[in-house]
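First chain written, first letter: the chains are A, B, C, D and E, and each begins at residue 1.
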Amino acid sequence: MSSDAPSVTSAGDLGYLRDDAALKVRNLTVSFRRGQKIFNAVSDVSFDLARGETLGLVGESGSGKTTIGRAILQLVPAHGADLGGAITYEDDDLATLSRAQMRLMRRRMQMIFQDPVSSFNPRRKVVDIVGEGLEIQGMPRDERRRRVDQALADVGLSRAMVEGRRPYQFSGGQCQRLAIARALALGPDMIVCDEPVASLDVSVQAHVINLLQDIRAARNLALIFISHDLAVVRNVSDRVAVLYMGRMVEIGRADDIYRAPAHPYTRRLLDAIPVPDPARRIPAGEGGAEPHSQLAPPSGCRFRLRCPRADALCAEVEPQLRPMAQGQYAACHHPLPELGQGNSSRPAALSTPA
Amino acid sequence: QTPTSGGTMTIINGSDIRSWDPAITSGTFPGGPMDVLDAVYGFIVYVNDKGVVTGGMAESLTSEDAITWTLKLREGVKFSDGVAYDAEAVKYNWERVADPATAAPSQAFVAGWASGMEVVDPLTLKITLPAANANFAAQIAELAPFIASPEALKVAKEKSEIKPVGAGAFLLDAWDQDVSVSMKRNPDYWDQPRPYLDTLKFAIIPETNARIATVVQGGATMMAGYPYQFGSNADADGVATKQIPIRGINRAYFNHTKGVFSDVRAREAFYSAIDRGRLMQAFTQMEGFTPPVSYFGTSSQYYDPAYSLPSYDPAKAQELISALAADGKPFEVKIVTYTNSDLKRLAAYVQQVISSYEGASATIEEVDQANLIVRCKQQLEFDLCVEGGVLVSNGAEPNISNLLRSTGNFNWGQYNNPEMDAALSAAASTVDPTAVKAAFSDVQKLVVEDLPLYIFGEQTRYLLLRDNTGGVVNSNGGILQKQFLYVCDAPCVE
Amino acid sequence: MRSAGSTYLRAAGTRLLAGIPVFVLVTFAATALSDLMPGSAAQTILGENATLEQIAALNAEYGYDRPAVIRYLDWLGGLARGDLGYTLFSRQPVAELLVNRAAVTFEIALLAMLVSLLLAIPLAMVSAARAGGLVDSTLSAVTSFLLSIPTFVSVVVLSYVFSIVLRWLPATGWVSPFVDPLGNLMFVALPVLSLSVHQSAYFFRVARSQFAATLQEDFVLVARAKGLSTSYIMLRHALRPSLPQVLTVLGLSMTFLLGGSFIVESYFAVPGIGWTVLNAVKNHDLPVVQAILSLTVVIFVVVFILVDLGYALIDPRVQAT
Amino acid sequence: MTVPSDIHPLLAVENLSCAVPGPAGAMRILTDVSFTLPHATALGIVGESGAGKSMLVKTIMDIAPSRAAVTGAVRLDGTALQSLDTRTRRTTLGRRVGMVFQNPMTSLNPFVRVGRQVEEASRKHLGLDRRAAREKAIALLRAVGIPDAAECYHGFPHQFSGGMKQRIMIATALACDPELLIADEATTALDATVQKDILDLLQTLQQRRRMSMILVTHNLGVVAGRTDEVIVMYGGRLVEHAPTERLFASPRHRYTAALLSAMPRIDQPAHTRLATIPGQPPSLAHPEPGCPFAPRCPAAIDACRAAMPPMTVSADGRHRFACHVPLDAGISGDASVRQPEAANV
Amino acid sequence: MSTLEAHPVSAGEKPLAAPRRLRWPRLTLAEAFSFLFLLLLIAGAIFADRIPGLVRPNFPYGDFSRPPEWSINGLFGTDGLGRSIFSRILHGARATLTIVGIATLISLGFGLLLGMLAGYYRGIIERFVDLFANTVAALPPILVILALLTATGPSVTTMTLALGFLEIGTYARIAKGGVISQYDRDYILAARALGASDARILLREILPNLMPTLAALVPPLMAGLIITEGSLSFLGYGIAPPAPSWGGMIADSTDLLSRFPLLIFGPILTIVCTVFALNTVGDYLSRRIDRREKQL
């Protein structure tokens, strides 16, 4: 597919794509060379993101979540990787930008990483790290200082608390707040959060999630929120995209998907969420097959080997995303029926503790 | 004990030979290349330990008038390829030495008389010299003693291709370059039942201490060296030392062609500047050396007490050095020596002492042992060239000519004084002892006046050997006549 | 799954390919080196009285007057035919000489390796099992001392003690093990010991830290939770995972041992390649120098191929990359 | 004690404390932890990272680091383990308790065939010969849901995916038919779907084999549907211990409650504010007197900062908590009686 | 700001009470000795000429080959020419340390540059660095330098350059490995996300993290150079006499060993202690890295 006509695609078969979105990802394909073999980490993924919106990316390990996040920010390593498709931000095709333009663009798009500690250079002082982006953008010293103070304040820290310290002198939660401050300092309007709370304890996690949500609201930020914890994604996302082995298998409003997933894989993911509800003695499941090697994906639907509903069609034809009755889009030949019609054992509403 | 046949001996040498070319002869010190060549070729005549020229492969080399010399060969001697060791063969060999293309060290010496050779019969070669030379036989023993099968020599295109086909006591068995040379008994040796040994091996060990330890432990039969090197090892069980009764001098060459030592005052300054007894002490790390006063030892029949070398006198040395400096001849000495730690120490001592004089300095250049001769004799890139071993000087010839004559083989410093040549010729052209002594007296006078060489020590050579080594017969002041060696049942070294 | 055999072969093949440029680089440099040399082989062969014309003639005959590239190609051609030229003086075929001399060095190097390993590995296991204990701290002190002894020091000291003072071991020489096995052992004892001083300490350190690291692994904790005994855990669980690292070091130590052979062989007059190359360098015996340089590279490549194969044997995870 | 063994709890932990020397003095990793675990019961242990969960089970298993100073007693079926000599203790534990660790990638020895790793404990402790051990291993592999168990027996760990490896680990832990299975964060390193499979497997096995199980996790959701009792740890102390339902329904300790409300839940709409716990986890190197949670506790009173609250036990004796200002008992009406916990169980 | 108020938690938070500082690990006895020894050695080498009472290295201070005695000049005895072995050791240290220091600077400089470029850009530079490192690793350094020195004649400059040149590969390989291992670290990605240029990433992010590793590597590699230099001098290809050198002194005393065994003590002690001290300092530095990594 040609990358210069994303609007055609969006207008055509994929109704979930909007022309007015800030970020447009069209037919993104990322492949890595592994020795002789080409390995598609992301295949033909299209989505978009409007200002102030949060998109949750879920999927199991290796499904390509991080790769998508990095590809958006043009951070996929140069050697051994091939990018296909187009990524535009506010009508700028990122691939065609010059270095200088891209550097300017980075003011607007930022990233937060999973491991707060390792996303800081252990040998540098945190104040410098938070101000680094501004320095790179060539901001004068005083202005820089002001912006750093502001960013620190936004995440509930102050210069006095961080001055002269290095990353290892902070706890995980504090580091993650500093990481957010680093991203915020540039004043971006979009942030890719790659599992920002995965390594944090529940109490700290809640804290960071709240913080992100508040900032998002205050600055009208667009977020891409990558996580494998569906509960967290539920909390933060307006829309959710489910990835399986580099392909997008379901995308739609979070409410729709969580209420009634259409793709059997999404269903499985939801079923696997540990729910703090002792009332429900969880029935021991039969245990599905393990994921297939991504180097040689199965023909047709990639999920079919683990799918209870798979049939001959699934083996032959790779399903494309199509609108579901529930409202979301799913790539499945035999999508799950809408809520109420199916025989899912899962109760619709989950009880809350007192 | 009477000699018995059988057995093996290993002689340790410091470095390996470079070819089997019989024309390559350089110094008859034990442990040198000639020691190895002797085993396969055998000396045609040799100078025995009393200084008398004795028949070796040949029966005799004699002359009535010191001009016409007759070489009598033995009957039935054959090279190992079956070719006869006859007058033609000898003539061929010597003519080959005389040919500049052979690049033999003694080319100049042999070329002087090579045209005078005449084969009288297969066992007789007559040599007519251009001038009388009483020392001719001794010089042959030193400079052109080895005769190889002419056939073998003709076949070889390169020196390195020459196969050792001789008529000596042993036959080459294997040569492992830089490791060892193994030889086995020549069953057709002319002097049966000699040689006694079944096998003779030369092993290469450059490190002096390792050499000594090897002999002490019985890993080898003998090595040549000096008592100062042996230390307490000479008293170890199973080993003995044997003195080779020669008087040898330690010497260094002054460069007469260029540099400060072309001025005789500088040579005198050098003599005065250094206490030679102490120099020897630094060299050997032993005490009790008295500096030699003359080319001849005090016990030599030619010694003339009227002449003696300058003795240690630092004040005089400084005076001379300053005078030289005033003449625009700074006393800068470049010492060339080879990489032997004793010699390094010696050179360092010289440097140390010289540098302590005002206006004097010294630098040291070390070269590989094999390259010393190239550096000094050929390239003349030195002021003072220090050679390691001692040179026989108790008998007058042939070394005195080699050292002091302008065309002398060992005259590395290119000392050239017609008076000296005349005096040496005078000594050589007569067999009258008083005339010889008178001539040598002149030589001594010139040595003391001209100071052609730096003569700094007197030593005799020693062997460190297993005490059951019999038949140790030295020739030419060093080299063993290997056909006599035999293994004793009990300690038998005197 | 691909068959194990083909994986090994592929790993070895990769190494081999990587070795070729190294080989070319080194051997070509060796050829070109002779252009820098002040004294020439011809000079050395012809001796002191040679004239310039003679030297030039011989140089022409040996081909030293031609450009280095041509000489190199010639040399490569000879190599293909198994002809590496002849030694300068004794006219031994270099290839044959090298085989003999290399065997000596190999014997010493391998014995030194063996001795060091036999000493180091068990001690390292004991030491790591009781990390921080008395044995451990004593051994680590001793080895850090041994590690600091250069070969030229251990050579001097050991030979002084064992051959000059005690006279237990021969000071010099070598005899083929096929001729006199016991004598051979006596002769190689000092060279092997001298090399082992450093080597065993080195192996000990590597092995100890590797064992200690392995003992930190989760699977060792699991084994302990299973109630297995310490010695069982050491031998069955910790030993093998620690070996790849030791193997790497073993491979790398080949270069060290070859370097050490210069000192050891020249001091003990052992006719190995170290000895040979020292003499060849002195004599400007270029064919020998060049052959030894290429041999060294070949040894290095072969050793690392072996190390790779060793990994594959030890570590079930290793696949050809 | 001379009581018949069946009235002993399977595991009794009494005043277990553990300290390791740190750069700034000793770190008290565990402080006075006591609890009992009956036969055939599943117990969950939850708490934040660094709360000492792993150290607790390691101390029970006698595989704490050798530098750690351990006091208190662990009784297995009435036998005080500390009274045994090291060898017997290890053997007893190895035989009767199985353990599954957090990371299946590192807890299987990559150099040893799977089969041997599964069977080695049974060969050592049960004295099985090779054949018997092998058959048993294959049976176990099958039991943990590994297809082609016989083939897997000869495989090496790297040939299996994470979930499979964890299954193998479980088989390994089951080799001696343990009475107690300890799973320390056994699913944290795995994908969500696999995580569920493994938890299901553990649960099934526990019920089917009628063994006891300790499920260590930091995710309250994991223990919710799968355990009979839950222990909450904080700062190296046991702060609450209750039957699972009761803990979730009416937590008494304020930390437990805070933890519960901090969890995002899928039944809440997007952008719901989460409750947070202010402050930092306590420093183990410099423990302050009083309740470790006091600095972060909104309801803390002076008493909390002065002294560690004693363990309060509910009337029925099934709910224990250490808090001066507990939350109300809530629905089930088991008005707890403040009483110091009995010295022994 | 509203966000701030929304998080009273953070606002009320004190700065960390006791900041965890990275302390240098405590020195063991051996390490203390090593630092002290190196300090003394370096000081001795620098001030060798000014030490009161110490004679010049080539000054005939006493009898030939006198055994050690309790005086500054006679501490290790006198050598075969009556020179103070102690003085010669200190002056030898000067030469050795200079050679080794310059060689290390050369190799560190070029190695770091090449290694960083190779690790960052891979491709042809990496091939080149690999080839170079492999080639050098395949040959014992003594062999290469010997071959070189016979070609150019004995020269300290050549030796120094060659020693430095040969070590470039080692540093390059380590630096390359360090860069590669950091390449995908989140903080590098973070810097790139902030728009940092390659040069900036290399210099500001990667280089500081390479430093501790390299710092820990420098002392043992210097020890290796000292051994190589000593071996060459021992074989007679190193520093030319009468300039004192450790290897040369050992070689000299070796010849007199059976008669004056005590004289070899000083040079051996010095070289062994120096190598030991450098190795130990290297261990100490890497222990510090381990510790830092544990604390992170």
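By definition in this document, a contact is a pair of C-beta atoms (placed from the backbone, for glycine too) under 8 Å apart; a residue touches a chain by one contact, two chains touch by 3 or more.
Heads up on the chains, UniProt names are A, D = Peptide/nickel transport system ATP-binding protein; C, E = Peptide/nickel transport system permease protein.
Everything numeric in this text was worked out from a predicted model, so none of it was measured.
The minimal number of chain-to-chain contact steps leading from chain B to chain E is 1. When C-beta pairs in contact are tallied for each pair of chains, A-D comes out on top.
Note on chain placement: the centre of chain A and the centre of chain D lie 33 Å apart, centres being C-alpha means. The mean-CA centres of chain A and chain C are about 54 angstrom from one another, to the nearest whole unit.
In terms of their C-alpha centroids, the spacing between chain A and chain B amounts to 92 Å. Chain B and chain C have Cα centroids lying 42 Å from one another. Chain C has residues 164, 266, 282 in contact with two or more other chains. Within chain A, contacts with two or more other chains are made by residues 207, 210. Contact with two or more other chains is made by residues 9, 13, 254, 257-258 of chain E. Here chain C touches chain E in the complex through residues 18-19, 21-22, 25-26, 30, 33-34, 36-38, 141, 144-145, 147-153, 156-157, 160, 164, 252, 255-256, 258-259, 262-263, 266, 277-278, 281-282, 284, 289, 292-293, 296-297, 300-301, going by the rule given at the top. Considering their complex, residues 208-209, 212, 231-233, 281-282, 285, 339, 341-342, 344-345, 348-349, 351-352, 355, 364, 366 of chain B touch chain E. Residue ranges on chain A touching chain D, taken from their complex, read 54, 60-61, 171, 201-203, 205-207, 209-210, 213, 228-232, 234-238, 254-255, 258, 268-282, 284-285, 287-288, 290-291, 349-354.
The part of chain E that touches chain A in the complex is made up of residues 1-4, 6-7, 9-11, 13, 15-16, 19-22, 122-123, 183-187, 189-197, 200, 204-205, 208-209, 211, 292, 295-296. Of all the residues in chain D, the ones that touch chain A in their complex are 48-49, 145, 161, 163-164, 191-197, 199-201, 203-204, 218-222, 224-226, 244-245, 247-250, 258-260, 262-277, 280-281, 330-331.
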